[in-house]
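Letters A, B, C, D, E, F, G, H, I and J name the chains as they come in the text, with residue numbers starting at 1 for each one.
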Amino acid sequence: MSHKHHREDEVSLLGNQGTEYHFEYNPGILESFENRHDYRDYFVKFNCPEFTSLCPKTGQPDFATIYISYIPDKKMVESKSLKLYLFSFRNHGDFHEDCMNIILNDLVKLMDPRYIEVWGKFTPRGGISIDPYVNYGKPGTKYEKMAEHRLMNHDMYPETIDNR
Amino acid sequence: MSHKHHREDEVSLLGNQGTEYHFEYNPGILESFENRHDYRDYFVKFNCPEFTSLCPKTGQPDFATIYISYIPDKKMVESKSLKLYLFSFRNHGDFHEDCMNIILNDLVKLMDPRYIEVWGKFTPRGGISIDPYVNYGKPGTKYEKMAEHRLMNHDMYPETIDNR
Amino acid sequence: MSHKHHREDEVSLLGNQGTEYHFEYNPGILESFENRHDYRDYFVKFNCPEFTSLCPKTGQPDFATIYISYIPDKKMVESKSLKLYLFSFRNHGDFHEDCMNIILNDLVKLMDPRYIEVWGKFTPRGGISIDPYVNYGKPGTKYEKMAEHRLMNHDMYPETIDNR
Amino acid sequence: MSHKHHREDEVSLLGNQGTEYHFEYNPGILESFENRHDYRDYFVKFNCPEFTSLCPKTGQPDFATIYISYIPDKKMVESKSLKLYLFSFRNHGDFHEDCMNIILNDLVKLMDPRYIEVWGKFTPRGGISIDPYVNYGKPGTKYEKMAEHRLMNHDMYPETIDNR
Amino acid sequence: MSHKHHREDEVSLLGNQGTEYHFEYNPGILESFENRHDYRDYFVKFNCPEFTSLCPKTGQPDFATIYISYIPDKKMVESKSLKLYLFSFRNHGDFHEDCMNIILNDLVKLMDPRYIEVWGKFTPRGGISIDPYVNYGKPGTKYEKMAEHRLMNHDMYPETIDNR
Amino acid sequence: MSHKHHREDEVSLLGNQGTEYHFEYNPGILESFENRHDYRDYFVKFNCPEFTSLCPKTGQPDFATIYISYIPDKKMVESKSLKLYLFSFRNHGDFHEDCMNIILNDLVKLMDPRYIEVWGKFTPRGGISIDPYVNYGKPGTKYEKMAEHRLMNHDMYPETIDNR
Amino acid sequence: MSHKHHREDEVSLLGNQGTEYHFEYNPGILESFENRHDYRDYFVKFNCPEFTSLCPKTGQPDFATIYISYIPDKKMVESKSLKLYLFSFRNHGDFHEDCMNIILNDLVKLMDPRYIEVWGKFTPRGGISIDPYVNYGKPGTKYEKMAEHRLMNHDMYPETIDNR
Amino acid sequence: MSHKHHREDEVSLLGNQGTEYHFEYNPGILESFENRHDYRDYFVKFNCPEFTSLCPKTGQPDFATIYISYIPDKKMVESKSLKLYLFSFRNHGDFHEDCMNIILNDLVKLMDPRYIEVWGKFTPRGGISIDPYVNYGKPGTKYEKMAEHRLMNHDMYPETIDNR
Amino acid sequence: MSHKHHREDEVSLLGNQGTEYHFEYNPGILESFENRHDYRDYFVKFNCPEFTSLCPKTGQPDFATIYISYIPDKKMVESKSLKLYLFSFRNHGDFHEDCMNIILNDLVKLMDPRYIEVWGKFTPRGGISIDPYVNYGKPGTKYEKMAEHRLMNHDMYPETIDNR
Amino acid sequence: MSHKHHREDEVSLLGNQGTEYHFEYNPGILESFENRHDYRDYFVKFNCPEFTSLCPKTGQPDFATIYISYIPDKKMVESKSLKLYLFSFRNHGDFHEDCMNIILNDLVKLMDPRYIEVWGKFTPRGGISIDPYVNYGKPGTKYEKMAEHRLMNHDMYPETIDNR
């Protein structure tokens, strides 16, 4: 049995040859596709342990694991384009909390989701690590309250950190 | 002491010889049996770490652990038929979030449960892993509110992922 | 310093010689004693990782860890009798979810507790493991609402299972 | 640089020479000191993994880790006196749930705290371990409701126990 | 695509219907099959976390995880027959170290392996757990020296045990 | 490609040469900068596993991991200044719960945040470790209620502590 | 900065478009490339947690994590071709120990390595999991002795397995 | 099915009623029984996480987990007597390294084993924990060399300790 | 007490202002300093979890944790220069095993160490991760034999990898 | 029962009142006492997770866990004096590898042990952590060979480090 799949038109990146990698911040890389299950609220989470950017003050590389969770409305973010978008921070300088706010803003602009949250967990500098958490619910909907609810209950059990 | 058990009629698969395995998506495999404790709300959870399907774009195998939890009403899903049903995704191509929605839809159709949720945790591709979470409560009942409640509080402590 | 303790009358099993072990289901083994702190709501949890029964279809041994938590009213279950009661499932055949419901029912009958819950976590068969969760609050009291509340929020963070 | 500290009067035990250890239950050991931050609700937790007492039936030693958390009002418990108080159970016989209730009662009597809870996690006997959880909120205050709230949501994720 | 497999003659148990379970010690259950790779030394390990027997003094159930590793010569032990053989200790009474020696002796008799070792890790009784380790190398061969070598270096890093 | 970054004026410490370290308590070290995302509620967490101070009674060094989480209003605390501020406790003597209250008070004074919490987890003395948890919400706002809510639900799953 | 890389000739698969996936055993998929550091002995390890094949008796899917370690001589195995080769066991039926021996034999044939070992760790069936370990050193060289040495010291600390 | 077991004569403690507990050091408690497998070298390990004694200088309780491993010759130590023997250190004062040497000496005297080792892992005092390791091989035999070999290779991978 | 330290001449990078970061491979960044303890063999290990390079075929970023251990002779590698050197792979393309060999070769050239080893553990691509291990002992010395010995015993207990 | 212990003369620090803490390097703090078991080779290990010193270049605090293991000859190091000695590095500046060599040299001078090793595991700076390992065997004895043997086999399984 052999599988050779036809290419669909909707998503251009997945399985595509000759991918170009951009290492300067570029939200134009992001692509969306249609949510086939918009009759239902459900979550999609991306675990992204390979995020790296530059410190805007020192130019030194920063490293983080980013967790992105959202409830789609009409559109979903294509995962390969998300990967390439995150790569585009590689040689870009921004503070930890700015990166997280920017990623959230770009994904809101792309997808107009019902709900979304972005949590970055960075490696330490000078013995301290920083973990920004940003979320968003569509204004005027129950998802706005959901965002407030989740922020109010955010991270009451901080993971044990010993820098090793 | 020796145990040789009589076969009951209700469930055809458990302990049955000569099982046929189907590796193309087939919801007809699913079997149900009667819930003997429908006087009570209670949860049954299936932990399914051996799920594999194919990427619909590239044909490449995907792997996931799936967690299915439900409150039965009159019917319950027979566990061996669930195993065979999940095997039927083996050579079937579908996106992560579609698989989870389809599994939920098929189980709702089979059992008409009070509440059900399906959470898939996939292995990474391109450094990113995707975890869709879908749930359902019987419309017009308190279980519909339960589904909304559980979605609103879903996964506020994402597990640590480092792709190793 | 040496300790030789006098035997009290209330509880017959603890420290008793010549214990008989029954390996067929026998709820008559359960013994209760008086709750000295019934002026207060508090929890007692039993962790029972040595539960084994037989599959009613195949006769094959099943293994589980059972977690039992309750708020006592006037009576408490004596722990050694609970051990012997759980041993009595050793050569008894019943499905996972039936075992959990039966244990809960028997303990309710014995103690008439304010609240109780029973959670069984079984080892896998055919790559899938099953974890039933059952609870109960005294009808017409706030503990009935407590049971509903705990069920609604049950297990939103399923433990990672990989069958190894 | 060398540090030789002056002794303050308020607390008599910390750093004191010639401490006497009492191994029979003695609540008189407990000492309190003034809460300097009573303008604020806050928690103090004691992790006590070195608790041991005797089984009142068999005289056999029992071992537990005890977690004590409280919101102080005017008084706080001095930590060295707490250590000595817990040592005083060493050759004292009492059931698990009685020990936890007694410790809570003694600390309430000493400090008159706004809120307090005591959780004991014992090592197994006969394959089963027992974990009593007791809490208290000052009657007629919001802390009484807090106690009820915390009990209602207590331990919905029992830790995995395998007796190894 | 559907898979219905033909039954081969060599091994009678795998996939066989109507398996009888024997719960009294019975080494006759063990079956062997031919090693297709006897041109090479290699290890096969069985992880068996579902072992239970009875204490010969008290009749109380004992529980263990057993690790069996061997280098086959001409014969290998069939895994389903091994499962049934281990089940046959279920209602059989023997001390921990006797069980491990018996299992090793039975497997040596069945397979005449080049090398074999059996390690049982039991749950505690009275706060102490017991882990017997037995091994064997074919007398007069290098595998006899291998057994001596592995015994001499056995378990220099005992796993952390806290009975929880 | 080489990166040499221009220094901005806003923050004086990051990347600065010739940093002086002060090892006596000095809140004047703390520096703030402007929150660029004050249109949104979001969390920033600092994980600080390298905190050490002196016991005010005995002069002996204490060690803790401190977790600081806050929702900024107009100002944010600069991370390098936070590091230096925490260093300033190095040769300073104060009780565990006083240190946590002081750190919270100093950060409230610096930033006037919407919400903030400080949790210290100390290493044991005499077999017992102490973990104070302090929080604050801006009075008269919803963040005050948030502080009360988070305190009420604080640490219902104490981490397992065995002093090893 | 943008990266678009030229394709080299040596390796045909990496980054290649339109990959065909074969799900029947096919060692012809394997590709090798030249070892640039054959002046030195060094190890390369592949961690392969996504292996699945079929049980030759029952047709039921098996799942394993495979660890492959080798010291290259003149040739190395290309990692994408290894992935595709392992995929080719997807609908192929073979026993656990046969799969491991076949993989080792195919890689020896492809690369003629100085040393190689293959360790499969399968998920359990019937409560028992099987882990075959196979190794090889080039006959008549010191690597043959190395293989014997590593077999003799193989897995003296079996990982804890509880089937969950 | 019910199990009531006959008492054998060889071992007096297991299952015995009315056990007296002695809390002052008493090696006379130890009992031995005959090794039925003295035709073979094999290991028996005791994991003892419930050891407590008193510091001889301060009288303060010490806590340890003790690991005892031995190769029996003609005699074996009975596990319940070992438990009682270890209990006898409860109110006895001795330094960590003396306790370990004494336990080893007493067990050598009792059993005259081929090989034995005792490893104590204590909880910290003043931020430091102490772990003595003592072993012994019968003089003039290969087991004496074994003891030297195991000491030379002892604990090259110290477990991570953070006092929490 | 305040600390302002004088700069020593030997090492130019530590604490230096205005560090330039180079993101193309540049071994000239490495600096050494004198080993003050060359009268003794001892190990220094660097744990480097923030390594990233580019795949030479696809241009896609790769991520690894690198462990470097060595026994110095006359010279040691300065840790900040090592950090900058590893940063210089950031926008450089090379295969996993080439990177590890190059790092080892550069450090040998810089320090002429008695012994050195480099182990890279990469995140997976296509479900497989690759971990090259390279070592070196000064030719003609006992350290050459040490390298051979450590390679022969390398990684006999592969860490569990599940790509999550 | 109450314990008030007499003070012995041999060791002056344990339980002593009014301890002075010195925070500048001072090997004169170390005290020894007589080894009562010098008829036997045995190990004593100290786990010291509360070590802190200053970077000699920047003055910034460094943190480490130190593991010290030794085989005593005639003398042993008193544990409280070891604690105070390690405290004396608190405001002392020295490089990581110098600290470890100095500690080893001071303990050799104090005790003249048969064998000793010191392993420091530091928290990261700039994303890299450094772990020096130093050992020593009495020259001209078998312990010198033991030191060489243990160095040759040192740390072949580096712990996983991710700086979190």
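Here is the rule we go by: a residue touches a chain if its C-beta (ideal position, glycine included) is under 8 Å from a C-beta of that chain, and two chains touch if they have at least 3 such contacts.
Only a predicted model underlies this, so the values are computations on that prediction, with no experimental measurement involved.
*Asks:* Could you work out how many touching-chain steps separate chain C from chain G at minimum?
*Replies:* Minimal hop count between chain C and chain G: 1.
*Asks:* Is the number of contacting C-beta pairs greater for E-G or for D-E?
*Replies:* Looking at E-G and D-E side by side, E-G shows more C-beta contacts.
*Asks:* Compute the rotation angle for the C-alpha superposition of chain G onto chain J, expressed as a multiple of 5 degrees.
*Replies:* Rotation angle between the two copies comes out at 145 degrees.
*Asks:* Among D-E, C-E or H-J, whose interface repeats C-G's (more than half the contact pairs identical)?
*Replies:* Of the listed options, the interface copy of C-G is D-E.
*Asks:* Which chain has its C-alpha centre farthest away from the C-alpha centre of chain C?
*Replies:* It is I whose centre lies farthest from that of chain C.
*Asks:* Could you work out how far the Cα centre of chain A sits from that of chain H, in whole Å?
*Replies:* Taking the mean C-alpha position of each chain, the two centres sit 55 Å apart.
*Asks:* Indicate the whole-number Å distance between the mean C-alpha point of chain F and the mean C-alpha point of chain J.
*Replies:* 31
*Asks:* Which chain D residues reach two or more other chains?
*Replies:* In chain D, 1, 3-4, 15, 20-21, 23, 47, 49-50, 54, 58-61, 63, 91, 123-127, 129, 153-155, 157, 159-164 touch at least two other chains.
*Asks:* Could you please specify the touching residues of chain H with respect to chain J in the complex?
*Replies:* For this pair, the touching residues of chain H are 54-59, 91, 93, 96-98, 100-101, 124-136, 148, 151-158, 160-163.
*Asks:* Any idea which chain D residues touch chain F in the complex?
*Replies:* 1, 3-5, 7-8, 11, 14-15, 36-37, 40-50, 65, 67, 69, 71, 76, 79-80, 82-83, 86, 119, 146, 149-150, 153-155, 157, 159
*Asks:* Please name which positions on chain A make contact with chain J in the complex.
*Replies:* Against chain J, chain A makes touches at 60-61, 63, 121, 123-127, 129, 159, 161-164.
*Asks:* Could you list, by residue number, the parts of chain F that touch chain J in their complex?
*Replies:* Within the complex, chain F touches chain J at residues 19-21, 23, 47, 49-50, 52, 54, 58-61, 63, 87, 90-91, 123, 164.
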